[in-house]
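Two complexes are shown next, each including chain A; its partner changes from chain B in the first to chain C in the second.
== the complex of A and B ==
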């Protein structure tokens, strides 16, 4: 449907149409744009959250650049971002597998099974994983013992890593051992299937007609070739989109770290990420102005990434 | 339709089997947390230590875990249902109106307004949290459930407007013209044309908004300080720190926290799968 164009007098006569967008507009101006702009302003002030504010210029930013915690938190988040991108692989594979199944009925049931875990609220899911990580009762240690993975890790630790984090005589304490914090944050959620991403990939795969597969089969294409030559190029748009979402989501996320490790980022602060540090500075240390500056830095990084993404990677809609 | 030759059918089955096995392996790992939660919710700690993996016989189930779980999080549940339901309804209310404006007409200022909306989908919200906190404080909304509802629909409507605009633009023009000839106002066109025609997508978006609000825990943690107003998220965070761990009871509380979502999925599963499959969220 082409939209009805209106201009000048006719638009003036039909001014009531604006009433339909005004409430939404008012809401986003008040609750999205106004806070964003005031964050810019307040990042130049020393501000404890009360009425009193003192202008200090760039001091919050220079402090941020010299803040060792913030610096190491950016290293941590970079590792988590790379891991997050790699963790998309199972979702892609699962989407391709489901797409290749001949029976429509089974495809439907697998889609249903895929969204069933969504009934568990995110927070509850994180808490269940926190329990899985428990050194004495947790399932991870139990299954690692069962499959002999623990002895492999102990060997690896003694001969290669020299972390002394995996010891033969004591259970692995995933969330209490500084060296294991980042591995735990990465391993969390195994096998890392995002129901929504799988659906998005499946929507992309649906555009491949049966005749494409038939032609590939006649040419004697192996299933790996079908994946690299047909399926993966067709979902490239969705994959890129997902990469962007993962990068942006990981950069601004800190709920997971908060729930698993607490507001200080766990033992030795190894799980500290920039978002959590912002939260920590504002609501625990009371340095609201400094927290705004950290927020602005994150904001700028994400804005630049989004800009380059839109400019150089064309995502056709 | 003719049935395939028996040997051909067997060949197909043989070719399909590895795929099915792989899918089942992945999906069963994915379903493991849910399975563990359900089977642990009726065990006490001793039973769990003896037998962590498999369910016990129904005769031994400790229903008392659930009584305890409901007592722990019942009040939080009510608060969260209130926020998620009202928040999701209002999200769609505002999104449908805005989408109608953008899809139906090109008014002066259309492009500027649209870019105000679309920019928000790209801009990170992380920098907002601190000033948002003081904004709510100055509006006297701190420590209220309304703060969470308002934030929910103010931010949530943007994504929904984006999806609905595309959908409304694809509706046949004749429907709107016929309605206009019959003298329908804009509001009547929304009620009688837009909502019935886009019911499946509205349903899917409602569920997504509801899930989003249900899952939120960082904002409630910052905004709410009164134990009476806690949402599930905040309540569970405090529980996690406070209690001597009786895992069965905690899992029962987790399961109770999931019940409203289970209900929604039971009733709307078909609609939801269809809505997502047809590309409601192509991104």
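== the complex of A and C ==
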């Protein structure tokens, strides 16, 4: 149902209707806005989490700008964001494949199969992957040994990379070699099919009319051409939405890094991301005020990125 | 009925059944709790190690029987909360006012002023009840035992020193056990390799044994390594070894002659240039650490405690270092006979490492552990305290030790023969410091630790990178946080001081003043030294 416009005078006359909004408004203000505003206020204080706070103006922010760990964590997160966007490709391809299945029944079963892994909590998923990365018992090293990939990596290391990370005589320590930390964080979740993303793309694909496909077939378009000329351009809204979700999720998230590498970000702090640094400062160093300042900086970055994404990455309909 | 309808009905029925089961479960529990005349005592802890929960159940049932004999209907419930979520659970329960009457309290040792399980001085003061008035009275459950008439605090091996909060000047917890670190080994496998030879008692013997195990594994094509390690287990061994090398240096840096290494003193000494990462003592401790690291499975630093246990019980390793609290767990899980020995540190006569040591390390300062506190304002806290009296009584603690396989905390309690090896070694010399002394220094050490493994022949690379990454700056950061925190505590104590002043200027009033003076003195000493040093060297604070 379309929203009905109302004049200001009439809106004031019907003031009682606002009473219905008050309970939800109260809850939103209490649980969403109050903590956020409180964090803004506390970011200007030296606060160690207790009842004692000392006003220090912009000091937390100037410290954050000069903090080498925070700076390098933004470099790491940028790499992970780019990787996250690239990792959307398998989800798009799977959504297209499911969409093209002629049988409704099979389409249904594929969708069900995608939903089932979502029942597994993220935490469990990360722990399973942590076990996969185990140098001696893990699935990754076992499969790399089985398919001879390790030998190839050792050769690559010795002749091209010179990292000394892949050695013939010892198993690959994915989370204990600084140079392998970011590749491991990127590799996590392989083959990178996110059920939610697939569903979002499928929703977009289903809005494409059958007549568009019929016209393309009459024009002799190949499967690849259908994807590049019809499907991909027409799901750009969904792609954009997913990009925003990936950027926000990656910038805010630190659970993966925390569980795989610990609060210090692993060897050489290579897995340190802004969220983890915020957590580290608050709960390990007890610098809650400084952590609030990092949180505010993250909020501003996300807000600006979302604004630019909405304003400049337009979708041609 | 068509197929969709049948499926929908099955789904709905399953949902309904689950809901009804949950409803019944909650209702049953509520009804049990509302049973007239029955008092429920709840206690919570994070120790999920094998054998402990069943021991607490046995003790709870025993206590219920004692209460029943007195005509009291009491039910004791245990809440075992996983370690990882314990801090969050603790805060939610305390703030929400729904906490059980008794909660485990751990020591506040981390640099942030917060214990690993989420306990802070603030939380103890706000949510826990001081038991100081009771600790000097005898434990009523000790009547007819060798401890009859002895003040409660004097019945513990450490005189309840760990239960005393020096900031709040009160006793807050009751300990039930003691912790020590030991080396566990696979007895049949060890016998297969070494025959009837006893386990190593000294570092060189230990290294030799490790080399023999490696050679044995290689010769038979086995995937066998000497020690199972993880980021949880390995430091128990390596820190113990490394700490021996700073015994003499620690004493030299101990300006106040407290005979125990003090982190702030050591960090200030580093900033003054009295020692550095290349000092012979530190180089020796790093070399020692590298020599041990070589014997863990590859990549041990990235795996958790469970993986190390898995390795050990799967007979892929001969040794594993663990705490006395893991004794029963390992015995339950290991499908072989388990041996336990002391950590074989270098001898004073050792050509490389002996000259930095006074002698074997003492465990006299280990103190007591597994302490429980009383939640303030909880229902029937008198009974909860009575339960703690029972747990820490001669008979209660003996029962605890017998069934759990953990050391007792109460004096004169007979220790099972199998536990004797875990008893703290009182003779010896205190180990001094490692490189991680606060939040920043520990983070730096953890971040660069991999270099000791990547370059196993020399610690030089680690030393270069460690100093370049700003160990001095990390020391300044840790000292500043420590000093700020101490001054905050002193400020908070002013309210307490005013209250004591108004009420009665008794012993506590003067104790608190003395305490404040001591704390302020240390904080300002650190502040003054830091100011001078940062000015002289143009460092940023």
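Definition applied: the second predicted complex is superposed on the first by the 292 of 317 C-alpha atoms of A that agree within 3 Å, B and C clash if a C-alpha of one lies under 4 Å from a C-alpha of the other, contacts with A are read in each partner's own complex, and residues count from 1 in each chain.
Quick note on the criterion: a residue touches a chain if its C-beta (ideal position, glycine included) is under 8 Å from a C-beta of that chain, and two chains touch if they have at least 3 such contacts.
Computed from a prediction, not measured in an experiment: that's the story for all the values here.
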Field: Room on chain A for both chain B and chain C (clash or fit)
entry: clash
Task: Pick one for A:269: touches chain B only (first), chain C only (second), both, or neither.
output: second
Task: Based on the superposed arrangement, let me know which partner A:144 touches: chain B (first), chain C (second), both, or neither?
output: neither
- request: Considering only touches as defined above, state whether A:128 meets chain B (first), chain C (second), both or neither.
  value: first
Message: So in the superposed three-chain picture, is A:98 touching just chain B, just chain C, both, or none of them (first/second/both/neither)?
response: first
- prompt: Touching A:201 in the superposition: chain B (first), chain C (second), both, neither?
  reply: neither
Message: Quick check on the superposed pair: does A:299 touch chain B, chain C, both, or neither? Answer first, second, both or neither.
response: first
- prompt: Once the shared chain is lined up, is A:164 touching chain B (first), chain C (second), both, or neither of them?
  reply: second
- request: Quick one: classify A:188 as touching chain B (first), chain C (second), both or neither.
  value: neither
Field: Dominant toucher of chain A (residue count), chain B or chain C
entry: B
- prompt: Which partner does A:284 reach: the first (chain B), the second (chain C), both, or neither?
  reply: second
Message: Can you give me the overlap between the chain B contact set and the chain C contact set on chain A?
response: 49, 130, 137, 283
Task: Spell out the residues on chain A that touch chain B in their complex, using ranges where they run on.
output: 1-8, 11, 14, 16-18, 20-21, 23-25, 27-36, 38-39, 42, 49, 90, 93-94, 97-98, 100-103, 106, 108, 110-125, 127-132, 137, 139, 142, 190-191, 193, 196, 199-200, 202-203, 238, 241-242, 245, 248, 251-252, 254-255, 258-259, 275, 278-279, 282-283, 288, 291-292, 295-296, 298-299, 302-303, 306, 310, 317
- line: The answer for chain B against chain A in the complex is residues 12, 16, 19-20, 22-23, 26-27, 29-34, 36-37, 48-49, 52, 94-95, 97-98, 100-108, 113, 116-117, 120, 122-135, 150-151, 153-155, 157-158, 161, 168-173, 176, 186, 211, 214-215, 217-218, 222, 232-233, 236-237, 240, 247, 250-251, 254, 257-258, 261-262, 265, 269, 272-273, 276-277, 279, 281-283
- prompt: If you look only at chain A, which of its residues touch chain C in the complex?
  reply: 46, 48-52, 130, 133-137, 164, 170-178, 262, 264-269, 280, 283-287
Message: Which residues of chain C touch chain A once you look at their complex with the stated criterion?
response: 110-114, 120, 122, 223, 231, 297-299, 301-304, 307, 310-311, 316, 439-440, 443, 446-450, 453-454, 481, 484-485, 488, 491-492
